[in-house]
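A quick write-up on the structure given underneath.
Chain IDs A, B, C, D, E, F, G, H, I and J follow the sequence of writing; residue 1 opens each chain.
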Amino acid sequence: MLNNIPKELSPELVKCLMEMGHGDEILLADGNYPALTNNDRVIRADGLGVPTLLEGILKLMPLDTYSDYQAILMETVEGDPRPDIWDTYKKDIGDAFPKYNIKTIERQNFYKYSKGCFAIIQTGETALYGNLILKKGVVVPKD
Amino acid sequence: MLNNIPKELSPELVKCLMEMGHGDEILLADGNYPALTNNDRVIRADGLGVPTLLEGILKLMPLDTYSDYQAILMETVEGDPRPDIWDTYKKDIGDAFPKYNIKTIERQNFYKYSKGCFAIIQTGETALYGNLILKKGVVVPKD
Amino acid sequence: MLNNIPKELSPELVKCLMEMGHGDEILLADGNYPALTNNDRVIRADGLGVPTLLEGILKLMPLDTYSDYQAILMETVEGDPRPDIWDTYKKDIGDAFPKYNIKTIERQNFYKYSKGCFAIIQTGETALYGNLILKKGVVVPKD
Amino acid sequence: MLNNIPKELSPELVKCLMEMGHGDEILLADGNYPALTNNDRVIRADGLGVPTLLEGILKLMPLDTYSDYQAILMETVEGDPRPDIWDTYKKDIGDAFPKYNIKTIERQNFYKYSKGCFAIIQTGETALYGNLILKKGVVVPKD
Amino acid sequence: MLNNIPKELSPELVKCLMEMGHGDEILLADGNYPALTNNDRVIRADGLGVPTLLEGILKLMPLDTYSDYQAILMETVEGDPRPDIWDTYKKDIGDAFPKYNIKTIERQNFYKYSKGCFAIIQTGETALYGNLILKKGVVVPKD
Amino acid sequence: MLNNIPKELSPELVKCLMEMGHGDEILLADGNYPALTNNDRVIRADGLGVPTLLEGILKLMPLDTYSDYQAILMETVEGDPRPDIWDTYKKDIGDAFPKYNIKTIERQNFYKYSKGCFAIIQTGETALYGNLILKKGVVVPKD
Amino acid sequence: MLNNIPKELSPELVKCLMEMGHGDEILLADGNYPALTNNDRVIRADGLGVPTLLEGILKLMPLDTYSDYQAILMETVEGDPRPDIWDTYKKDIGDAFPKYNIKTIERQNFYKYSKGCFAIIQTGETALYGNLILKKGVVVPKD
Amino acid sequence: MLNNIPKELSPELVKCLMEMGHGDEILLADGNYPALTNNDRVIRADGLGVPTLLEGILKLMPLDTYSDYQAILMETVEGDPRPDIWDTYKKDIGDAFPKYNIKTIERQNFYKYSKGCFAIIQTGETALYGNLILKKGVVVPKD
Amino acid sequence: MLNNIPKELSPELVKCLMEMGHGDEILLADGNYPALTNNDRVIRADGLGVPTLLEGILKLMPLDTYSDYQAILMETVEGDPRPDIWDTYKKDIGDAFPKYNIKTIERQNFYKYSKGCFAIIQTGETALYGNLILKKGVVVPKD
Amino acid sequence: MLNNIPKELSPELVKCLMEMGHGDEILLADGNYPALTNNDRVIRADGLGVPTLLEGILKLMPLDTYSDYQAILMETVEGDPRPDIWDTYKKDIGDAFPKYNIKTIERQNFYKYSKGCFAIIQTGETALYGNLILKKGVVVPKD
């Protein structure tokens, strides 16, 4: 653990977030997501929900202001209600970046899309439609 | 994730618990414990407290009934109050094994002792004196 | 060994089952199956039959209720009798998931199909047509 | 699998038995034995009992006729009955090598002794006092 | 070395033969064959001729009775005499499997074909046209 | 790079600092220090001076308030002037922890002592007597 | 550190520059460049700007006089001012090779192009459009 | 070093030459050749010229008498004089194999062609057009 | 295979012999020798006798003329006849180095002594007392 | 190759020299030196003499002015003439560091001493008593 780094983020995860560059994307996947099937770089965060990790990551990682979207969700199937957890995501993202735009991608295409992510975090999230992709922005050091 | 396996336990941790034998010991260390300095096999569980992991582990791993102790705590320094978290530990252990006995070991000796553990789990626990060693008992398969 | 985990399942196999996600498939192959030729992740279980492993796996791993099949068998060649072992498989699967549907795939295509499985377990099964693919479902933790 | 090689023996185990030389010893440990704590070379054989493996191994590996013992058991604690499984061991060993002699070693010393074995096979044996060490003899090829 | 396993077969080679499944093929290549160029799994057997290894392998590995060929040779160029070593091969194969059929493949295609073999054994054979591919059959354990 | 993490600290170094526990020590060594000779974990920071890294590290890592020293310097040889760079170190450490105490260790003993450090950072510092050991304190997460 | 080798260049970087051949290209990327996404060989130089590394590299590595360009920059988007840092680059390159020619490549194509580079150095540069590709020339030893 | 093996050939190089088969090719590249870019197996021979290595290799490795060429050179650009070093190569090759034929390949195609070589030796040769590919022949042991 | 290198010596063995220096010793062990128990560097030569390998090695490796012994045998137990194979060894060694001296070491000490050898070759030799240690001499290149 | 770095020094060797610190020692061993027996880090330089490498190394690496010796030779046995190659060494070292002092160490102790060196370069030197240890000094960057 270190000061100023949320304690829920593992050393391996922080190293990964530091190595990502502008435009790289990371998927916070739920506990049932086929992560190893879709990416070679899988970081486990068993027992933690996506909101906990999202909040921690947003304290360190800026979102991409140059892109026309900052995050991606998996599209709900017709008839399914709007997932409650999305409100949590949107509040957290909105706090960090008020003018955010969030895309959705259809389920099967979402799986394929995640093959191109920089990494997948396998969380213990159990909410439906809880998968969330974040696009890293430019870090401007303050010194 | 799998049925009957507490979701807070990572695949690597469950594999480790399965590979331990009768009498092997595992340390659930707090977030500030010098884990890598004292053991080659360190499993991270950032963001999770010891009670969460303890509860999960006790659902799978029996404690050693052949030994005169089932768990070990780090001795408090004179004058320090009895740590509240110990009550949680004792309740959980007592639920699993009513006639338990818990030893304590002085701080510096506890560090040395942990070099001989099978593994150390580096949790995110922040309570003082939160380190806990469990001694694995004999598994009697039911089939 | 651990409580609640069938003792026939190796630590490596349990870790593998935990890492699989919703929709990932695993092949329980017989002792003559060309496993290494068709998959990079091969877990050995010499001396054990498929039914033993199947029973153990079904205690931990739910089958996929969202899919139009839960398991796959290798199609028998015309004239071959219906393999007795299939009845065992169907009973075990039916106990775990009554409304199951089992597909068959023609031999050469079955080999190719198994290249896309998450893993292959090389068992010691000697029955003809004993190969069985299971599709993992969604795990809903009970806590 | 191959002809003339008992199908319960894994490729890794057969390779290990071939690499052992005259006088090297291998421990067939029960499912609760602390194997990884006592040896760097551990071969898993989950779900198989020691008698199954013993029978298979004796078909391939001669015992040491130059030594004053061919096998070692863990000494029973005073008052414990003579373990039934020992009769099975003795029958199998006697079939292979009629004039055998079997030593026993006290429990704690047995653990230490196993650190010097060539390898430990972690079986799924659940019988008490089921651990058995075999001493490899000289192989005299017949060609 | 072990009883019942021909002493010319190395531990690595026996492990490889055990891991092969029904229909997998292995090339016994002569000492001048470009083995590493054509396969990732190369097992060396310097100083041994193909007949020695062939005889040893046939004691352990059944040939494929379901296939319309059991072995493959490299086609001789027009005008070249029939290689004497083929008679040795045919005798040995015939002893193990009387109704055998042996295919030939043209030189350049043979090289390409060997890329798909399970493994290549680089022997010390010096006879012309000494390369031989064997197709593994189904092992039926006798217990 | 990430927000709130000084950009001079590499991903590998931040991971290392996160993995250190209470009481673990890290050496910021100058460019001529025999680092690989004295520690297995060496992190390079070519081209950066110790003050730059020190400032960055102190933003993340607390010093040990339970110890009777927070840092260690290499003792100057009699007659050598007091190194100017020490004033920089003391100012930076004093800003982070006003009641600090800094030990010195004689040159040859300092080399030996550094074998016990958690890691050595090989900086590009060229000042004499520029080596500095920091002792990590307890991290108290703010959430 | 060594004489005649600029101290900002790490041992790993110098080894890399030595292993490059005539015509190989290396990218000095800014701190936000998605380096790991675009190349397998990434060398970190956190905390150092591109001009520092450029100056050091040009003392050791000749540029390619046989090519119609010696360096490549990322094209600015219409409306963006000419980046000041380019003047520094051009002065340094011009000092080393007066008749230089520098190409530009459009942003998205630049990312793709960098996949073919020999390596990417991930610097801590924060200037916009600070990425610079150098093409190695022929080294003519002086002895 | 060993008797009968030229001392300029490293153990790694001799092992490589032994592992090559009939028809495999090896490139003796000059010191500026982009070796790692064009092959995964690169053997360094810094400080040695191609003629030294060529002479050593020809003492051990026969050239291919079945092929219509035994060696390949990089075609000179129109107007460039015939490289002197070619005479050395031809003399050495001619001594070993009088009826040799040497092909040339145009520069860019030569680079691509070298991707298919068994290995590249990165020598310290500084002569222009000094790159030389040798095609291994059949070794006929004398015993 | 290569010219001038006996074809029974594997590439790995020749590389090993080249890497040995003056005074380093290598053990040619019989097929029952506990090689892996006594050395980390074991090279297999299944199916080959010690005389075959000895003859090949002596064509490449000089024996140590500075030492008071050139080879070591395992002492026979009192009453055992003088092993015939020793005559073969002595003839081969005598041909290479007429004034040779061969030491013997008692069995248990021989095992311990072999831990200090550079490497052990595990041959397929079946003669009693067939183990032979050779001491490498100084190679004097002829150029 | 790079400008200002002698072309006889391999990338691996230059990286090694850069990683050495003040007081670390490197042995330039002759072709018959038992290098792997005495050190884990061995860098090969087959075909090159010690003087060639010495000259190259001294262009990059300063010798230790704080020590009472800068280099070490192996003591000649009584009666042996003073080795000519020592004059070459002394001239080269003297050119780099006029007030040098060179120690000698008796043969068997020299072998033991070399176990503590940072690395051993295995050259192709054939002169007697050609082994030379260099002690690295402090590098003072010029910028």
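We adopt the following convention: a contact is a pair of C-beta atoms (placed from the backbone, for glycine too) under 8 Å apart; a residue touches a chain by one contact, two chains touch by 3 or more.
It should be emphasised that the depicted structure is a prediction, and the values quoted were computed from it without experimental measurement.
Annotation: the F-G interface is duplicated by H-J among the options H-J, I-J or C-E, judged by over half of the residue-numbered contact pairs being identical. Taking each chain's centre as the mean of its C-alpha atoms, chain B lies 51 Å from chain G. Centre-to-centre separation of chain A and chain F, using mean CA positions: 34 Å. Work out the mean CA point of chain C and of chain D, and you get 32 Å between them. Across the assembly, chain H contributes residues 1, 7, 10-12, 19, 31-32, 124, 126, 139, 141 that each touch 2 or more other chains.
Applying the touch definition to all chain combinations yields A-B, A-C, A-F, A-G, B-C, B-D, B-F, C-D, C-E, D-E, D-I, E-H, E-I, F-G, F-J, G-H, G-J, H-I, H-J, I-J. Chain I meets chain J in the complex at residues 19-24, 118, 138-141.
On the chain B side of its complex with chain C, the touching residues are 1-7, 10-12, 14-19, 59-62, 139, 141, 143. By the touch criterion stated above, chain J contacts chain H in their complex at residues 1, 7-13, 31-32, 44-48, 52, 124, 126. Against chain A, the residues of chain G that register as touching in their complex are 31-37, 124, 126.
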